[in-house]
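Scrolling down, you'll hit the structures one after another.
One chain, chain A, links the two complexes that follow: it is found with chain B in the first and with chain C in the second.
Now for the complex of A and B:
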């Protein structure tokens, strides 16, 4: 490798000092002259038609305006892949936590009081919470005609033939849970008009330029009239990819002419952003007597909840990584993304590739035991190397130091100590 | 009784949006006549270290120190689109964009230096201490300030990752690039009276392509390990009819520093030719093998395999009780 001066060094992080000293500005820290406070009214039902009455709420002292779907000046939608979220729900809620109204008041207290006086009449609809049930033809539909958003297929070789030649075959079903990013800083932000007549949104986000597009579209403004300022971000892990409060704040500032701020509590944060897809994983893996993986079949069913977010990409990534880092000549993988009335799932660290090893790496240990093989040796025998071909037929033509990684762990944790 | 066991898991992870989707990062680099450089790129610093890594890359190319470079990523007006801070793509994608832009700036400096120094060619010129000099005759040199006029030099460059869509019927294609590899091993201690699993040791071998900043990589491994530990042993929103029952940190448990074992971290380098200085993304890979390694270690400790996560103390105790009742010998394969 070429000798370098700065790359490769333990340089102290450039944002470290301000963060350690408490000087870094997080969105919650921003206070502007005469700013208003916003509170979100959220659905208490998982699936229902709604009628919203805001009159009593708007009469509450200190309440300046209550935004509902009718107040959205542009497109009442957003979403990273499909525009299946409404900025504020117009007729129907699809999960507990869906935003219905945004109360803007002179103080946080007044906003809470106004929010308590909004009446929501729910006409409940049948709901579905199990992704396997949601696949059934007669299941309640969350959006459109089918709850299946995506079906990834991988077909390599011939699994039936492959299994015929196996000495051991392991079949198991695994299940992962729905989890939260639990980042340190709950959502917060402030929006205002700048002197040039642009709407400015200060909120922690993973992708400011995409937020700019979504805010502009929801407000019905050209993108150039919207500016996103991304102050210090208190962790993200995928949980700040979908819009949460950005459009509500922008719309509030746009319609009231004043700066509008909102800060979510931890509990609200749990409802506001996407979760990690729980996946049901049915695996069948087989190997020869010598310990060579010969065939693998997997069905993955991912519950994306009420909105798609990144479901297609997550379940594709899960499917592509379902084999684990091993060469298997015969592979059949089906990976599905399914709508339910659960909290919506999207990006989270690993993005589908984190769920599948819960299954594939336990399959490896079960197979190794059945073969009477050391799990380190079994992995080394099958792992990707330079020149390996993945289940997709992709050639790993360089930088594949997996053998070294497995050997290092084997030496340090297993053989070195035994 | 406390029982110990060891387990491992290996993983691979494909960087980026993938599937042929345009995965683009754009960077603007500007130098004034005092040799100060600003790098504008809309790559969010989410805590992963993007600002530091991207500054290091620009400093390396331009022969400058960290303090000479200001990295701006916070404003959509000033910083061009660099995609999302996700998919472990900022070091690889945006690192490449910054490197390309800094190299373009450097080339302008070298061309101007050639003229200034009245050299027949720009070959053999290099940069250090805000000066361009001829490597074969280092006395031949000129300060950046002589090369940049009143008007700063401004360059912009983009990097686009290479992937293909997968075939809808067969999945055939090259959906991601590059792939990052890792293997982690753990030792656990399972208390068969309380069901509590303590991870007492972790060994993490992490491919990084080439390390831009080992300190930040080790920090990511610490964080990824903690998140994986929580995923395997603690975290569950506990949904009941679509309602999140664990919606506070009082009942949605995540690991604390006290749950973390001492980690032995091994940075495995094998440069990726398309990465900036050979670097690959590691933000997500560092989490992936942790939970499955713990599950394998629990099996090694008590002979019971768990097919659902999180493996809470309640689940461990219930499984031990069930085994006692059934008199199961614990041979996993013949369950």
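Now for the complex of A and C:
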């Protein structure tokens, strides 16, 4: 076989040279002749009916148009799994930061002045911020009849029997917090009509082909009339999988006939995109006198906030990874995704698999301590190897180098070897 | 309106700017030097770092009128024509560039450091870029790149230094 030119060799990334020279174009670096600027008016209440008056705003010098839900020419919705977001909120806001209006003006300053003159009358609704409270039957409902949007169940063996045979059982509750990706490039974009009569949206995104569908559906256009251009993307980490400003820009360009640009501040960026799901994790784990894991029961409650985004996939993955990389013959896992009036949660590095080790590994340490066993040896005694079966029934046929990894970490942590 | 004079990357400009305009706005919106990035607008992230009279500043925290009469270097003024600056070359070779949004600020902070201290320790390098946030790399490769750049610069002219 010929030696490979690329695989196994160090290569300079294709966009590297432009990036070190400051020549790479991120969406905020695009300036078009005669373009307009857009600013988003966002909800200040977590749950409320709204009435919006834009007349004074539209009279502001420099303001060209103010878009509200009435101006959405197609379907006023978007969302990666469920279409639970509105492009612009029509009657109700479900979280602080929900978009209500999009002000288009000849300058950013004029757009801000116009935005300040929009009047929003809020009729506040009872809100819920705790996912456990949100599960209760009488909790305020965010969408539809129930706040529980997903329940993943995993059953293996018989946990009741398993716990009966345990020498030690550890029961604990763990909570992780909401986390923002804080990618360094805040959302920005520009939309315009091209010469063939297509609407072009140039924005940093992780999902251009899906953005095309969402923009087309919201504008009421066939998808062939919508083009998404993904220029340089200044970090994403999952935070650019949902729509933020793409449809607002597209609709602005579609209705005004002009190019429209928007650049979010860091603060607005925090309001606009998804977060990592905070998860409440209730664990009960038991082991034999010799240190073999025998049973585990876990309930995971993920707060997805006001919108689902990728909640189903995230909480499924959290459930699938709930045992950690350990063989446990008797397992019962219930993982829920729940709506609240909090900021919405979606994709972020690890997609649910990042949260559960906080609980499963703490359980391992506490069990090892209760057994009087070395925590490294306890892990080695129970870890996945080739041939192991996971809680959801997958047989690990191939490479499972975990034992080597734990040994190496143990050596460096406890024996000072370098 | 205020009239200011700026030397940017060796070229002198006379500009009329509004009172509320920041140095970053002049660089990006008026001079279209968009290599200077805005990541936070409050001096936390360092993406807007430029060198002003030999010292790094966050150009989002400097008002345009405060920069009157100053000499500014942006990322666009680092390479010599088609030849990358050794810091830029080292960033590429080591793999210190990912999304690239922090890169211009990192390169300028590295330059300000190496101009004063051509042979910094890793600790000094870390301190030199402590005003610049990167969300992709975890910083190790950036520190490696600056250490490599230091050796290129000390190695002499054949590495692109002048």
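The rule is simple: the second predicted complex is superposed on the first by the 409 of 418 C-alpha atoms of A that agree within 3 Å, B and C clash if a C-alpha of one lies under 4 Å from a C-alpha of the other, contacts with A are read in each partner's own complex, and residues count from 1 in each chain.
We adopt the following convention: a contact is a pair of C-beta atoms (placed from the backbone, for glycine too) under 8 Å apart; a residue touches a chain by one contact, two chains touch by 3 or more.
Given the structure is predicted, the values throughout are model-derived calculations rather than measurements.
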Looking at the overlay, does A:15 come into contact with chain B only (first), chain C only (second), both, or neither?
both
Please indicate which partner A:233 is in contact with in the superposed arrangement: first for chain B, second for chain C, both, or neither.
both
Just chain B (first), just chain C (second), both, or neither: which does A:182 touch?
both
Figure out whether A:26 sits in contact with chain B (first) or chain C (second), or with both, or with neither.
second
Given the touch rule stated above, what does A:266 touch, chain B (first), chain C (second), both, or neither?
both
Check: chain A residues flagged as touching chain B and also chain C 10, 12-13, 15, 182, 232-237, 266
Of all residues in chain B, those that touch chain A in their complex
6-14, 17-19, 42, 44-47, 49, 51-52, 55-57, 59-60, 63, 65-66, 71, 73-77, 79, 81-87, 166, 168-176, 178-179, 181-187, 201, 203, 205-207, 209-216, 224, 227-228, 230-231, 235-237, 239, 241-244, 247-249, 252, 254, 264, 266, 268-273, 275, 277-278, 280, 283-285, 287-289, 291-293, 295-296, 299, 305, 307-310, 332-333
For a test of understanding, state which residues of chain A touch chain B in their complex under the given definition.
1-2, 4-15, 46-47, 95-97, 127, 129, 152-156, 168, 170, 172-180, 182, 205-210, 212, 226-238, 240-241, 266-267, 270-271, 275, 313, 316-317, 319-321, 324-325, 333, 340-343, 347, 349-351, 353-354, 357-358, 360-362, 365-366, 369-370, 375-376, 379, 383-384, 391-396, 398-402, 404-406, 408-410, 412-414
Please give the residue numbers of chain C that touch chain A in the complex, ascending.
28-29, 32-42, 45, 47, 74-76, 78-79, 84, 88, 91-93, 95, 97-104, 107, 133-136
Any idea which chain A residues touch chain C in the complex?
10, 12-13, 15-26, 28-29, 31, 181-186, 232-237, 265-266
